[in-house]
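First chain written, first letter: the chains are A, B, C, D and E, and each begins at residue 1.
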Amino acid sequence: MTTAQFLQNLLNGISIGSVYAIFALGYTLVFSILGIINFAHGAIFTLGAYFTYTLAVGQFGINGLLSGLNLDLQVPFALSLLIGAVLAGLVGVLLERLAFKPLRTRGADSLLALVSSLGVALVIVNAIQYLVGAEIYTFPSQVYGDIKPAIMFEISGQPVVVRTVQVIIFAVCMVILALLGYVISFTRIGKALQAVAENQTTASLLGISVDRIILVTFFMSGFLGGLAGTLVGTSFGIAGPYFGVTYGLKGLAVIVLGGLGSIPGAVLGGIVIGLAEAFVPPDYSAYKEAVAFAFLFIVLLVRPQGLLGRSLIQKV
Amino acid sequence: MTVLLEAHQLSRYFGGLKAVNNVSFQVNDGEIFGLIGPNGAGKTTLFNLMTGLTPVSGGTLHYRGERLTGLPPYRIAGMGIGRTFQNIRLFKGLSALENVKVSQHVTTKSGLWGGVFCTPASRAEEKRVDEKAWELLHLIGLADRATELAANFSYGDQRRLEIGRALALEPQVLLLDEPAAGMNAAEKRGLTAFVREIRKEFKLTILLIEHHVPLVMNLCDRIAVLNFGELIAVGNPADVQKDPAVIEAYLGAE
Amino acid sequence: MNDFLQNNGFLIVTMVQQALLAMSLYYPLMCGQLSLASPGFYALGGYVAAIIGTIEYFAPWRDSLGWVIFPLEWLAAGIISGILALLVGIPALRLRGIYLALATIAFVEILRVICLNLTITGGAIGIFGVPQLFESRWSYIWTFGPLLILMLLFSYRLDCSRVGRAFKAIREDELAADAMGINPTRYKVLAFVIGAMLAGVVGAMSAPFLNTWNARQGTFDASIAYLAYVLIGGSRSMWGPLLGGALLAALPEILRPLKDSRLIINGLVLVFASIYMPQGIAGALGKLRDNVGRSFGFFRGGK
Amino acid sequence: MALLELKNLSINYGAIQAVRCLDLEVNTGEVVTLIGANGAGKSTTLRAVSRLLKVREGSIHFDGREITRQAPDAVVRMGIAQSPEGRQVLARQSVLDNLELGAYVRKDRAGIKSDIAKMFQLFPRLEERKQQSAGTLSGGEQQMLAIARAMMSRPKLLMLDEPSLGLAPLIVLEIFSIIRNLNAEGTTILLVEQNAKLAMQHSHRTYVLEAGQITFSGLSHELLLDERVLQAYLGG
Amino acid sequence: MKRSALVTLFLTLFAGTVCAENVTSPIPIGIGVAQTSNVALLGEEEVVGAKIAEKYFNAHGGINGTPFKLIFQDTGGDEAGAINSFQTLINRDKVVGIVGPTLSQQAFSADPIANRAKVPVIGPSNTAKGIPQIGEYVGRVSAPVAIVAPNALKQALKEHPGIKKVAVLYAQNDAFNTSESGTFQETVKKMGLQIATLQKFQTTDTDFTSQVTAVLGANVDLAIVSGLSADGGNLVKQLRQLGYKGPIIGGNGLNTVNIFPVCGQYCDGILIAQAYSPSADPKNAINAAMAAEYRAKYKREPPQFTAQTFTAVQVFVEALRKVETVTKKKITQLDLAKVREELNKQIRTGSYMTPLGKISLDQEGEIHQENFYVAKIKMDANGKTGSYIYVK
């Protein structure tokens, strides 16, 4: 591998990895609090992209109930991105109230939450299709303003290219990560969140309303998922209601790899999988989809708690 | 009197915590051996080391001259060492009868096909298992509630069922972890009699962790006292009771 | 009646097929192991049958054996799945709970991608023109049906046998089971292998049933669907997966008259079923039976 | 008037009755001890007061209000703090964070700050380790942290569950002297303890719990001399 | 009591009548394509084509005066769904023939069902090898890739005679694209060109920088992309953004207006071999009518799947008319089984003037299409909309 290729793979891996990280953080936040996986997270990712699209573009195609509708709300893109993510966060809150909380209060097997969140995912995805069809929606290429599509340079005669969108995505992800890191480590609500993640009983003995913290967590989770969806959507288009499925699946690999429930783990896992995929030799690109899972499988066997997870000591 | 169990410098560390530290003692065939000490002294950890549930950090444990340390729990159980748990670990979703049947596992050998095709051998075996289970349930006085789920029993009954389950292993050594916890005075008295009875009937050697001092003093042939993971005294009840170190550690310092 | 079968034969056989697949999850679950590997073994079994049924190498066998080739396919699929399960199960079953579930999902995905890329599995298009055992889809009940009955008998017998008790003991409390002399690894692997072999055989039966086989047969989606089968059906008895698999497989078809919104309703059904039947359908039915029984003065159990 | 009043309280764990028809009172300014064997229902009682467990029958009144159906965070806000059994410090967070979380229900930043300073005065060892994560503290330090953390909400009633559990005798003594100081400063305390003698020496009144029921109760210094209690708890 | 209620419910849900029967009026034709799942992206285009055909042909007299109606049954994206859909159409909806399913894999699963039930099937978008060979009742109006694809290469060579080195890129996890790319590769070799780099990607991929840099590094004169709209469009976009200047040939997966929003201005200039071109033959009246209807409703050019599905319905309609001529009876007076059998025979005789141009189906059910087209994408100045300009 030449230096140029190496650098290229590195850049690609980090860029896509940062999106994986943001997306997987939403998964891992919910897991750290409730100990379950929210299968609807991929659907919220998709939904976030559609929300932003509706606000920023608002033109719908030929299929679905809203076909031919042209909203043209003219919301600036940055604002749409934010509102889209907030709306996705609110869907997360709704999801918790409708599909998770009833199960908790009934003391049901926590695995059932997997099924009910799966049900919600099915509802969201098919509702999207019902409303706007399965076609591809894309953001106009100037959503980020009038920027050059790519930066290109050469190393010993070989091209290395960085797409500007990649840079923007990476930057947004880093800002969000920093913000999230700050909120969780230094604010009152963040500390409460950590307390709930560590021990719900103790947290409630301190006067923390566990219920409210769970809601906040779902909001943050939905926000991150929706944001990731929009970022991917602006870069590659929203490829139909099922567009989040691959991410949903890969996100699972990311969080387990990093350590379920570990926030730095999700970031590390995202970057690692992004890089691993980027470095798959072109001849084996067919196996790229399996890379994340091969990694996951091996890591689980060698280090069941994931890269940054806490060891799982069983209490006798 | 033959030595049945021999612990030699048994240790277990959790991080920096010395849960059990260089503990050596012997248990004789047929005796009731009490293990006392304040909460957190390492008694349950010692039981876990003896039954293989927790790997040792150091030291050895021999049973009838065979080394137990390093063996998985099911092998140790198969050698005839049964136990109960401090926090009651019954198979809560199974009936009392099934609980007692399950632990006849080591004394039976019917395999997947034997069981599924109901071969004569496995049918005969199943019959024996059933008879033995009922016998044990009668012994612990739960025969009339045999098909109820273990989860629905009171603490006292759960403790008795746990002992019944351990007995189904046909053990030679029985480890009882706080068998009287959660029982009232009358139940405790009944338990004392019961433990004596099963020792006689099954020719058992019994190790017992217990907080309730009168019960221990009354029941045990010998007593070992643990404090902060270390063995501070071993001997017959009367001697141990007088030991100043024991009084300080266990009965509460001034 | 004939007409009814004409209309719904395929669906009914599919219900049986899906019930069988749900049952393949039940055996590991009997040991408390949430394994979602079944779609992988199902896909593998289907490939075994499709390959034996179509490639040149086996042509003389097919010609001389006639229909007997089909049971041989099932056997081969079962054995190959069993061996793979052994290889995967021994390391993977050290994992617990959701970790095992995710590791098995990873297994399914890896297997899928491999099948997508091999020549012998027909790449992306898969294998088509799989030889048929029967003309009508409904007739396939004669393969899936007996298998289901067999597996029900098997499960019933297993439930009250020594091995079955060991399974359940591990499910209830692995550590206590270990301390009662049961080797947990051995039985967990055994249960995993039984489930895998069943899924493999069902796959082998399904290749002719679906006429074609490709890498889309064993996917993450299927893993999740089976999980829903077991949990919505109820994981505590063999009737749970059976009911869950059959009913959830039929649901999208039953909802067909709803047209565009049918999958939205399907999703809602899953949500409400989770909330209102936390013990699954089997659990809810059991409770109903108990209540009815009690009101007539019967008590459950008793000797 | 009683600060805390439990009337005819029954609590179930699944099918098992853990506490039966329990009546108990704690008056303002008192230290009340609850002693009993493992599994007698002591912690269950405290957990019910903190609203972590469902009450099957009976009522809990605090400060003149019924709290039988309140949420756990609501009773903390009303002035009940608990230092739970096994300490349960938030091991991954720093000592300082643990203390700050103890004051989660309060909004007065200045007050919180001065209270932290006060706690450090009371437990100098915690100040030395304030940036350390709580999981790295020794057992005694964790117990101190748990008590200090509970105090951070400025409770009217402090409930301590087995504060001496697993601690060396000297540290146990230290902890009990702190309990005495806290009480002297006006905090009402409900104490669950297995070290019966010590607990009775440091309390006004004692309840003896056996298999979920109260078998004796009375003034601690009287019970300390009661043969039956001695018989039951300290051995013959 | 409870059980009998259940049985009644079951029967009402699935009820059908017994024994031989006549075709009902309006004459039911089944459409079994993917209306849900991720395949719906393609299926939705097909639904539109079918609906336009229904409206158009009924307005033009239906089956010699008898109207027909289309019955839609969603196949979803999987094989079992396709079988269920076909079974429902055949047994419950009693259709005379079926247009569908969307994917070739689904066709391999569901077509044998129809074949055994002796119900004619016309595949609107099944291009894999072996589809018509499934059985005597299976046909298609979607020309196999091996026939369509090489045309684009010929056109590219005509425009740029200097082409020597070629990059071939394809979505490896997609059956259609894998086989299409195989055709491209063979043709490239046959024409004496060199495949300088062969790059694979996945339909689920979103980032193609590594493939693109490999292409740039190989210094090629032509890039051939076989992918679906989202991935293929993104690949083209990234190729251009990163500086590839040479001609691009797109596979049939890019032959949809769906790619316009994906690659925007960068779509401009892609050469695509088409089985359908909306603007190729101004004298084709039926295409003009269909395209006008489509444009009026959706303000864009009709895509290929829409046209092919329209064509499939058209073949059924015209064959049904012929059945009436041959049997000298109205369809509705005929027994359903008889209609199906006769219909299948008629489908395979004669030729049809369709939006695809003149086509016929041979005895095996394979399409013979007179004209194939090569189009070049021309994007409008806004970079949002564009059109396929017919070049050959």
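Please note the rule applied: a residue touches a chain if its C-beta (ideal position, glycine included) is under 8 Å from a C-beta of that chain, and two chains touch if they have at least 3 such contacts.
None of these values were measured; they are calculated from a predicted model.
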* Asked: What chains do chain D and chain E have as common neighbours?
  -> A
* Asked: Which chain pair is joined by more contacting C-beta pairs, A-D or A-E?
  -> A-E
* Tell me which chain's centre, taken as the mean of its C-alpha atoms, is farthest from chain C. => D
* **Geometric centre distance via CA averages, chain C-chain B, whole Å** => 41
* For chain B and chain D, let me know how many angstrom lie between their CA-based centres, rounded off. => 32
* With chain centres taken as the means of their Cα atoms, state the distance from chain B to chain E in Å. => 73
* Residues of chain C touching 2+ other chains? -> 116-117, 175, 260, 263
* What are the residue numbers in chain A that touch two or more other chains? -> 126, 286, 289, 316
* Asked: In chain E, which residues are in touch with two or more of the other chains?
  -> 36, 172-173
* Show which residues of chain B lie in contact with chain D when the two form their complex. => 38-40, 86, 151-156, 158, 178, 180-185, 187, 211-214, 217, 228, 241, 248-249, 251-254
* Complex contact set, residues of chain C against chain E -> 2-4, 6-11, 14, 116-117, 123-126, 128-129, 132, 135-137, 210-212, 214-217, 252-254, 256, 259-260, 262-263
* To do: Spell out the part of chain B that touches chain C in their complex, as residue ranges.
  => 51-53, 72-74, 77-78, 82-83, 85, 89-95, 98, 101-103, 105-106, 108, 110-112, 114-118, 122, 125-126, 129, 144, 146-148, 165-166, 169
* To do: Quick one: which bits of chain C touch chain B in the complex? Just the residue numbers, please.
  => 154, 157-158, 161-166, 168-169, 171-173, 175-184, 190, 194, 236, 301-303
* Asked: What does chain D use to touch chain A in their complex?
  -> 50, 52, 71-73, 76-77, 81-82, 84, 88-93, 97, 100-102, 104-105, 149-150, 153
